[in-house]
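You will see subunit A twice below: alongside subunit B first, and alongside subunit C after that.
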Partner chain A sequence: MKHPMRNPWIYTLFTVPTLILYGMFFLWPMLSSAYYAFTDWNGLENYRFVGWSNFAAAFGDPDFRRAIVNNLIFIGFSVFVQIPLIVLCALLIASVKRLRGFYKTTVFVPSIVSTSVIGILWGFIYEPEVGPLNRLLALFGAGPVYWLAEPEGALPAVLITNAWQWMGFYIVLVLAAILAIPRELHEAAVVDGANGWQRALQITVPLIRPLISVVVMLSIAGGMRVVDIVLVMTKGGPVGATEVMASYMVNEAMGINPNYGFGTAIALIIFAFALLLTSLYQLTFGRRMEGGQF
Partner chain B sequence: MKKRLGVAILILFVALSAVLTACGTGKNENANKGSEGSASPSASASAGTGGETGGTNAEPFTVSLRHIQIGEAQKFRKAILDDVVRKTEAEVPGLKFELDGVEDQVNRFTKLPAEMAAGNPPKIFDLFGGAGDALKYAKAGRLLDVTPIIEELGIADKFLNLGQFTLDGRVYGLPIGGSTEGFFYNIPMFEKYNIKVPTTLEELEAAAETLKQNGITPFAMGSKGAWVPLMLVNTLIGRYAGPEAIDGFPAGTHAWNSPEVTAAFAKYEEWVKKGYFTKGELGLEYADMLNQFVTGKAGMMFDGSWRASVFKDPAQAGELTGKVGFFPMPPVPGGKGDQTYVNGNYSNGYGFSADLNERELTAVKAFIKNMYNEEMQLRGLLEDGVLPSMKLSGDALDKVEDPLVKQIMETMRRAGGAFSHFDSTVHSEVYKESEAQIQRLIAGRATAAEVTEALQKIQEIANANQ
Partner chain C sequence: MVLRRVVPHALLLAYVAVVLFPFVFVLFSSLKGSNVEIAADPFGIPKTWHLENYAEAWVKAKIGVYFFNSVYLSFTSALAAALLSAATAFAIVRMRFPRAGRWIYQTVLIGMFIPGNVLFIAQYLLVMNLGVLNTHWALFLPYTAGALPLGVLLLTAFMKSLPGELEEAAIMDGLSSAGLFAKIVLPLTLPALVTVFIVNFLGAWNEYLLANFFISKDALRTLPTGMVGFRDAFQTNYALICTGIVYSVAPVLVLYAFLQKQIIEGMTVGSVKG
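So, the complex of A and B:
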């Protein structure tokens, strides 16, 4: 009896508070969401069960299907455009000797600025008449482009802003990994006659692959749940051109004619998509890139 | 072992109670607040008569008040609210209002619906009338029935129109003012290009064409919030399909896809294609529309009469101060019904939470007494250019000097009657669809016929579900 900690009941007792908190803040909201997703609750009046019709309505709505496509565009843009640029920038910053700290700080700053501020800032940049971007274009004779007002221009505009906001964060991550590579490897490569590009592509990039893999996964998850920058800049408009799944959810669950039942159904769909994509990535490329470490 | 087990259980108990206390704090506070009114008869009794006797033993209490009077353009209205707040606080012992200013659209479509769902709206809040707002909340039992209060204060029959706040004969909110929607125009610009104030649709379009030829946008517009272009659409529907159409959609007597309603959308579409509205309007906010007009980039602006106060304030209107005129939508050829009708709304005002204790109810009564009277209505009209929602005496109305407000009142006086905005008559799902569709129309993604077809489809489902 000198070892009370061997008594399983004591373990149970000590874990109870955490389990209660976990249940209250994670399990209960998730279960109640799952429950409401099958109702037509509008937040005010009595609701009834509608089966799978919320899910059917979501996939039957062309606006939601476009939102899914837009999410995939966000993911594609971050994986195929942003990540190569991130690695390139990190390689460049790692190779400079002077002012490295300055570059590091400058690229990092956007990721600590509030999304609302960034939305307003880029709103000025994209302003059709006096915005610097259109003024620059005007120098080359281009007429004013209504970036955020035209369905064709709005999505690229938001994609670029989103990339600008988050690239710095990942650059600093990748940079840390690059700087952690032992110098001897590079010195040996120099002795063997490798030039800068060869060293970057043959030594640095393979050695930071595990981190790139993590960045890819974070980008996929980020692309699935992107919403703040969209709401600040365009509210999903014009005409749904920048609508993503999460902004669609916000607009449906709240706003005019709120429908919480439908909104929670969308939330579950987003969750399922994110789970599916990240696990697909982990099971295919992710595992390979990390050399089966996980 | 037993001793240690005991200690362990004790620690666990303390931890648990700490957690549960933290979780329960909010409720306890509410319970205390709730009991303040009911369980302390002395306090409520003194508060009940506080207005007259000025009781001194009152415990302080706060009443939350949500308003939308934020920003430069609302400063006159805010000053009136501040005076009412001061006066009410002085009358009700212990009362302190907690003012919470929130942007109109955020309050109406995001914050208030969420609070209504959670059952914790502010005690007094800005509220819109109609099926999608006041009546929906009233049905759900969230709004205070103010019928006995206005009867007690003797103002029940003073209101011009309580229709948008009335459900089954009971009143659930009080409009603060009335409004009409029409064209504001830049007088010096009209003179410069020799344009006379349009009285027919032909003249209006000729004026637009003249302005366009001179490199000026005919109609300022900011369609990022779809309700802005819908103001003009609403009045076009009133002209082409008749004033009855607005109430006819939910009643099933009028169809969106009828040729008349489609003609209204088609006219809007035609103007979009002709470039009569601000370029890139889908990226511009409501405030940008005013900027377009005030800076002279646009010659006309279709907006609500509440904008009138801006044009007498040099800080907001600049060189255009006092140089703005107003005219209603002219009659349209082949339009149905009385073509002199104008849009008239008595839909924005205050609502009150159904969840009030006795002292809060006293505060609400005093607030209503101080806000809804001839003095404040007249101040609203004179200082803010907002048309009264209550009947005013002839002497009071004679005090209006602002020529623009006079023009607006004259327009309403000459009108054969008024039709509402369809945002307060149709079901929210139909209104929501109309917002999506008008933006599609503006972006050239849908024709007028496609828009009205889509709206009718949603309207039929909504009517069937009624």
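So, the complex of A and C:
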């Protein structure tokens, strides 16, 4: 008798639906993107191959170059501003006993709320006339600042909203790594006379480096992926001040004159950038931090 | 010494205040009568509670419709993805086709490295060619498919940790491989299935990009896109917009209050593994 775990029919039944869906929505889009990216297809029947000209057109467009810079600003802001604050908050939460659960539960809340609702909510906070931020500034005699309507104000406003949404998520991630450090290490350091700060900087931070490395990778991926918050809050405006690559792609490809060929070329550029940045990081800083429990 | 105990709490409470302030502000504003009242005292508790805002927003914003669409799309796609991933993980881990199993696992994992928005236009064209643009299939299919890589990853890891003796005993008792999956492995995998389901559910519940471009009929919209449309339509009535925000945030917060452990675990485990 054949072993029941070798039944090819059951095997097919269990794997093929997943493979079909996955093939349709991951592999096929990847392949068809690589095809359309070299055409000038705009949704109508006729299209022709245009070689690399979509890519050349993208990099030749100052708006797109600005979008690339903005993506890099998103990444830079999360790596150099958010991550130090995230580690600090996680260290603080780990250092207290009372209310630890409360802090953890509360800081995590923004990451379960949908980005579009957060965009609406913060758009209200930045509202020039009645928004609380300007009311607060008015108490000090400043303002009103037209946060989302001025090129200088819009990008910081969106960056801060994005940080507000995701910091708690990473704090909880880092906190878990800190709490997983064996207690004996700290006790030994206490015996050696190390104070709280010395222990945090010389024991805890080095030990959670692998996880910080993961957070950096996730920040890079997140900075390349960012789009919802921009579309909801500013649609890339004013005058391209908050445009990121993905919003540029959506605005170009799905606008009144759709240009799918151009859009898929942008998609491939985003993908290439994401791969390039993560592998660059892996090869330079990431490797030194590998080898931990994560 | 007192200072050393107080300072961390002071800093953390300040951060908690920053996190919670927008929610409290929106809740208060939703109960205020007019923009004038919000502007005059943006930080204050409403003087009289204008609960009628809630009835008005429910009707005018069709929040009931968006809400229902979001609930059932998130629920069905999360469930479908969890079951499909479980079946595939079972086939990979437990069934005796090692080479095919490795191949399937590797292929599906590639999906974890592709940023979602890279596939967006090609998925739009696919959905258009399938003729399901502007139906809920246009969201159900990509939501389900999008949740598969992580689901397969997490459930394969979990099923590997289940003891193999169970399988032998069940087969001695005459169970088929499908019976073993349904009667033994699935119930044992329940904790991991719940985690996968929650992550899928929240992902679909919050999704904006596909929902915005694949659906243009108002009656088919989900909460994230419906809310943006509502905001654009009622630009100047802040109290009403805040009411809409309360409606869309409250259910997630209630869910979070009951399932915070699973939600936190699911979301963080998923991201680190990815």
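Note that the second predicted complex is superposed on the first by the 264 of 294 C-alpha atoms of A that agree within 3 Å, B and C clash if a C-alpha of one lies under 4 Å from a C-alpha of the other, contacts with A are read in each partner's own complex, and residues count from 1 in each chain.
The rule is short, and it goes like this: a contact is a pair of C-beta atoms (placed from the backbone, for glycine too) under 8 Å apart; a residue touches a chain by one contact, two chains touch by 3 or more.
In this text the structure is predicted, and so the values were computed from the model without any measurement.
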| item | value |
| --- | --- |
| First (subunit B), second (subunit C), both or neither touched by A:Ser53 | neither |
| Which superposed partner A:Ile256 touches (first subunit B, second subunit C, both, neither) | first |
| A:Gln282 touches, of subunit B and subunit C: first, second, both or neither? | neither |
| Larger contact residue set on subunit A - subunit B or subunit C | C |
| Subunit B versus subunit C as contact partner of A:Pro238, first or second or both or neither | first |
| Contacts of A:Pro17 with subunit B and subunit C, given as first, second, both or neither | both |
| On subunit A, the residue positions that both subunit B and subunit C contact, one per complex | 4, 7, 10, 13-14, 17, 21, 24, 254, 260 |
| Touching residues on subunit C, where the partner in the complex is subunit A | 4, 8-9, 11-12, 15-16, 18-20, 22-23, 25-26, 29, 35, 38-39, 42-43, 84-85, 87-88, 90-92, 94-97, 100, 104, 107-108, 110-111, 113-126, 141-142, 144-146, 148-149, 152, 167, 171, 175-178, 180-181, 202, 205-209, 212-213, 223-225, 227-228, 231, 238, 241-242, 245, 248-249, 252-253, 256, 260, 263-264, 267-268, 271-272 |
| In the complex, subunit B residues that touch subunit A | 1, 4-5, 8-9, 12, 15-16, 19, 23, 109-110, 113-114, 116-117, 132, 136-137, 139-140, 142, 224, 279-284, 427-429, 431-432, 435-436, 439-440, 443, 445 |
| In the complex, subunit A residues that touch subunit C | 3-8, 10-11, 13-15, 17-19, 21-22, 24-30, 32-33, 36, 89, 92-93, 95-96, 98-99, 103-117, 119-125, 127, 129-132, 135, 164, 168-169, 172-173, 176, 196, 211, 214, 218, 221, 224-225, 227-228, 231-232, 246, 249-250, 253-254, 260, 263-264, 267-268, 270-271, 274-275, 294 |
| Contact set on subunit A toward subunit B in their complex | 1-2, 4, 7, 10, 13-14, 16-17, 20-21, 24, 42-45, 63, 128, 144, 146-151, 154, 234-235, 237-240, 254-258, 260 |
